[in-house]
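Listed next: structures, encoded as structure tokens.
Two complexes, one shared chain (subunit A), two partners (subunit B, subunit C).
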Partner chain A sequence: MTAFANRRLRVLLAKLGMDTHTIGVTVIAHALRDAGFEVIFTGLKQTAEMVANTAVQEDVDVVGVSSLSAAHMKHLPKLAEFLRQKGAGDKLLIAGGVVPLEDIPQLERAGVQKIFTMGTETKTIVDYLQTWWAAKLAAEQSGG
Partner chain B sequence: MSQTAAGIAAGVLAREIGAGARLIRWLEESDPRGRDALALIYPHTGRAHLIGITGPPGAGKSTLTNALISEQRKRGRRVGVIAIDPSSPFSGGAVLGDRVRMQTHALDTDVFIRSMGTRGQLGGLSRATFDAILVQDAMGYDVVIVETVGVGQDELDIVSLAHSTVIVSVPGLGDEVQAIKAGLLEAGDLFVVNKADREGADALTRQLELMLHLREQTRPHAWKPPLMHTTALTGQGVAALTDALDEHLATLKASGAFTQCLIARNRHMFDSLLRDLAAQHILAAASAQPATAALIHAMQAGQIDPYSAATQLVACMSLQFP
Partner chain C sequence: MAIPNRHPDNPVRDALTPERSVSPLTDAFNAWQQNTQGPEVAKRGERQTPFKTQALHWPVHPLYTPLDLEAAGFDYQRDVGFPGEYPYTRSVNPNGNRSALWTMAQVTGFGRGTDWAKRARFMLDQGLQGLILEHDLATTNGYDSDDPLAEGEVGRAGLAIDSLEDLERAFDLPFDRLKYLMSVCNAPQPVNLAMIIAALEAKGVDPKQFVLHIVNGILIEYTCVGRYIYPPKHGLRIATDCFEYMIEHHPNWAPISIISAQLYAARANPVQELAFSLSIALQHIDALLERGHSIDKVAPYFHFVTGIDMDFFEGICKLRAFRKIWARLMRERYKATRPEAMKVRVMSSPGTMSLTLQQPLNNISRLAIMATACALGGVGETMTTPLHDEAHALPADEAIRVGAAIQHIVAHETGVADTIDPLAGSYYVETLTRQIEDAVMTEIDKIMAMGGALAAIERGYFQRELAREQCDRNRALEDGSRKLVGVNHLVHAEERREIPIFKLADEVEAEQIERLQELRKRRDQNAVDVALAAVRDAARSGTNLVPPCLVAVKAYATHGEICNAMRDVFGVHHPDAQTAGV
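Showing the complex of A and B:
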């Protein structure tokens, strides 16, 4: 366990394009902080490339996008592509907000690994990340 | 990206931001690879102009940092930034939002911004920060700016051990000078009244002038700290502030204080590491010592006070203390 003692999950939360609805992302940021994660917020009106650069500079484990402006099909695949281009394809890319169910398969194929749709409890997101983080630490430990 | 100490160190020296970010993470999390990589890059450090920026919450430190990045970039310099925000003492988590004000530079490959939480590490914050500074220094950033809320001794250490310490204040916080912690006034090399277009800026200026005058009376310095006015949001006054920073740097270099500053920072890190290592050894020795459990038990039963218990345990371990 001691090998994990100083490890702390780092999450980048981002808002892409002209989507300026911040309440959702603020609620998520606080829930993740209360779960003991380090949250970095990009602020509003980011391009996919800006978010990818920030993810590299901050060496986060997770990139989470809040999307409430129906532009997810435009921005999310582009962000996944930029992350791969910049050698950050190993980061967990997740999204939440107003995303119709029928869009999810295509987003998943593009590299978005999990999408939380409208009405998701914050606890569900925290649990998902905690499980993912525990698995990542265990894999690191056994992989050396 | 290579995940070995040698691979990451090579990446840092090749100025790859991903490698630098990974090394900072290792150092922050006490990964043993971090120490090994640091040893490899260390010979390439000692060149960057380290600027510490502090002041009360809401003074506009992040916005001012953003404006300073723009001005330094105009002068052709590459800029590293370490932005520190407090971690929650309850969960250990944090929301780090300083860089929200600096995202105009997100596409500039000559700017590397890294956010850090204070993480409640005993004495470890200044060390983790100085480690991060070393990494950015080795990556050839001409200027490294550390931005922190000036609360707590660790943060004071960080900014006061910078080459140039900038104290930012702002009108309208009530008792303006109260917001400048004791120690910071002594540590400041440059004083800035930000949001200088706001009401109350003149009153704040007069109070600061008085305090700086008193400081000069008690402890005369070779460098007389200038009092500058900025409106960081518009960039007003930021070129003049950068001129003053350049002048301060030239003064430090001319007097040899530039190197002295590095020596002081190294000494601080050495002492802090030594304390940690010594504490680790003593705590490990104490838990292996049979007397420990008995002493703790006696203390819980109210038969012995903590001072005597600790002293007796140390005597049992036959360590020599004055």
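Showing the complex of A and C:
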């Protein structure tokens, strides 16, 4: 087991554009911290580029976007693109909130890897991230 | 035999010491508990351990008796008194709802911004005299439509306002019939106020025959919802400028509402909701008093909007305690003397927080129960009802009709509004009202010890308290300790749970941006620059911001430009995670 393997998962939680509804992101932030993850919050009124910059500066593993406005189809593909441009395309980009099912395929094609829709329990998200993190660490260990 | 200490967190109960409890009623109560209730509980148990109120999680006892009131030192004249008289617990209105019912209102969205004037005309044709002017999120947050942050939001949640021209277009309304306009555009208030004043002038509206109501209780936005721009102390200064301008130039207008319901929707329990919103009101009042106004002049302008949740008695007692606490604060803290200063003005509303996306028809019964609680609690001046299908889409016509009918059913078919404050004297209601009052006063004292609401916001106290409630409530729903029908109880597994999102054509945004950019080309740029410099000067020097904003909007400086002029001086609010409570 390397020291690297003991590193805690670092998650950046973000709010994009004018969406200022914070209850969901607050509940998720606390649940992820309770699960032992490090959580960083961007604050409100962020552009996709601002979030991508923060993700790079903070060297996070996961970028999670809470979206409760209808502007997700504008912001999320842009965020995926900025992350790739900044050489951060390996970070896990996930989103949750009010996202209609019909929008999901397009968002997935744009590079959002998982979308948690309304009513998802916090445990589901924690489990998903733990599984992803374990797989990533295993891959890194076997790779190097 | 001693009465067990049934309520360790509650000082009211602590007063009931065994030594004092020597009345025959105490003996009878103890005998009942031991001989009659006790064996039943021993045999059948209780279906919950312990019983607690929904939001406050306060223990609910099996039985309330005169002993509870005695323990609390309840004094009829001091604690409740008479309607229309201090401390107004029973009603601020001397005849309750017997002379007239509360005003029945309904808040409905207007759909896309370009339809606003058309929709407003339609509502006026239905006999409404008042309208709510809702801006889109870009405008509410102080940005022009072509700002990158505004992408995808232009005209979506309300009217997009970039310049006075937009508002003049929207005000193509029959102002002979429109008597009241409420504006919910808080953070850019001097710009918003100036635009409305200028547009009304352009339409030749007599401001004395018309009431503009601005929400203006900006400090709430820093605790939840987040529609702020500048750091809180500058937000407060801006709100105070607007209040002062209005009472000086338009004393018949309504310069402030504290939207306490916003705290409720952010999961504040009744004690937090009242303590936070009241301490915020006190901060706004202190700012006005510092400018030399008297409490008797400014207090009557204060207005609150509160939400009533599904816990019937928490809601009823919250409304009763609200009236009494306001009266006490105004008299005891500020030495107000005018009755108008001590009568709290409240609009109450069944809450949206307990409405579920799942099984939406259930929401009609929830709304009826909450509306009944509002009525039993004394309502206030006005009640609004949300709509049972709000979570789903733009409200359907049927939902609008049902929403209006709920209030009429409560008012005309149940009799709850026919005698004033009908639950007064109930051992439980008076006990809970008093517990809420005491807890709110204690919480307000705590906030004052921090330096008041502004200081509490700056250090993130409210935000962290709300975050804790949000997480607790979510946990209770996830672990099933709180039951919500359709969500974690009586769930229909096959039910589709999706919210259709209103999709607005991209052309609306493109057209709005085109109009804005075309305006910037043809206006007198020099006049705009001079006007914006004057806004910066006022921001810096501390003179009232409304007059230079009036000049700027008339020169067709844009909404975002004027907000930016103030950003140049005030900076922007960007709390860290700790302060935001996230």
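Operating definition for what follows: the second predicted complex is superposed on the first by the 138 of 144 C-alpha atoms of A that agree within 3 Å, B and C clash if a C-alpha of one lies under 4 Å from a C-alpha of the other, contacts with A are read in each partner's own complex, and residues count from 1 in each chain.
Criterion: contacts are C-beta pairs under 8 Å (C-beta built on N, C-alpha and C of every residue); 3 or more make two chains touch, one makes a residue touch a chain.
This is a predicted model, so every value here is computed, not measured.
Once chain A of one complex is fitted onto chain A of the other, the partner contacts of A:Lys86 are limited to subunit B, with no touch recorded for subunit C.
Shared-chain residue A:Arg7: touches subunit B; no touch with subunit C.
In the superposition on chain A, A:Glu58 makes contact with subunit B only, not with subunit C.
Once the two complexes are overlaid on the shared chain, A:Met73 sits against subunit C while remaining clear of subunit B.
Shared-chain residue A:Ala29: touches subunit B and subunit C both. Within the superposed three-chain model, A:Ile40 lies in touch with subunit B and with subunit C [touch as defined at top].
With the contact threshold set out at the top, residues 29-30, 39-41, 43, 47 of subunit A are in contact with subunit B in one structure and with subunit C in the other. Here subunit A touches subunit B in the complex through residues 5-8, 10, 29-30, 32-43, 46-47, 49-50, 53-54, 56-59, 86-88, going by the rule given at the top. Here subunit C touches subunit A in the complex through residues 137-138, 140-141, 143, 148-153, 156, 224-227, 266-267, 357, 467, 470-471, 474, 478, 487, 497-504, 574-577, 580-582, going by the rule given at the top.
If you check the complex, the residues on subunit A that touch subunit C are 13, 17-23, 25-27, 29-31, 39-41, 43-45, 47, 69-71, 73-75, 98, 100-101, 117-119, 121-123. The residues of subunit B lying in touch with subunit A in their complex are 1, 17-18, 21-22, 24-25, 28-31, 87-88, 90-97, 99-101, 103, 106-107, 112-115, 117, 119.
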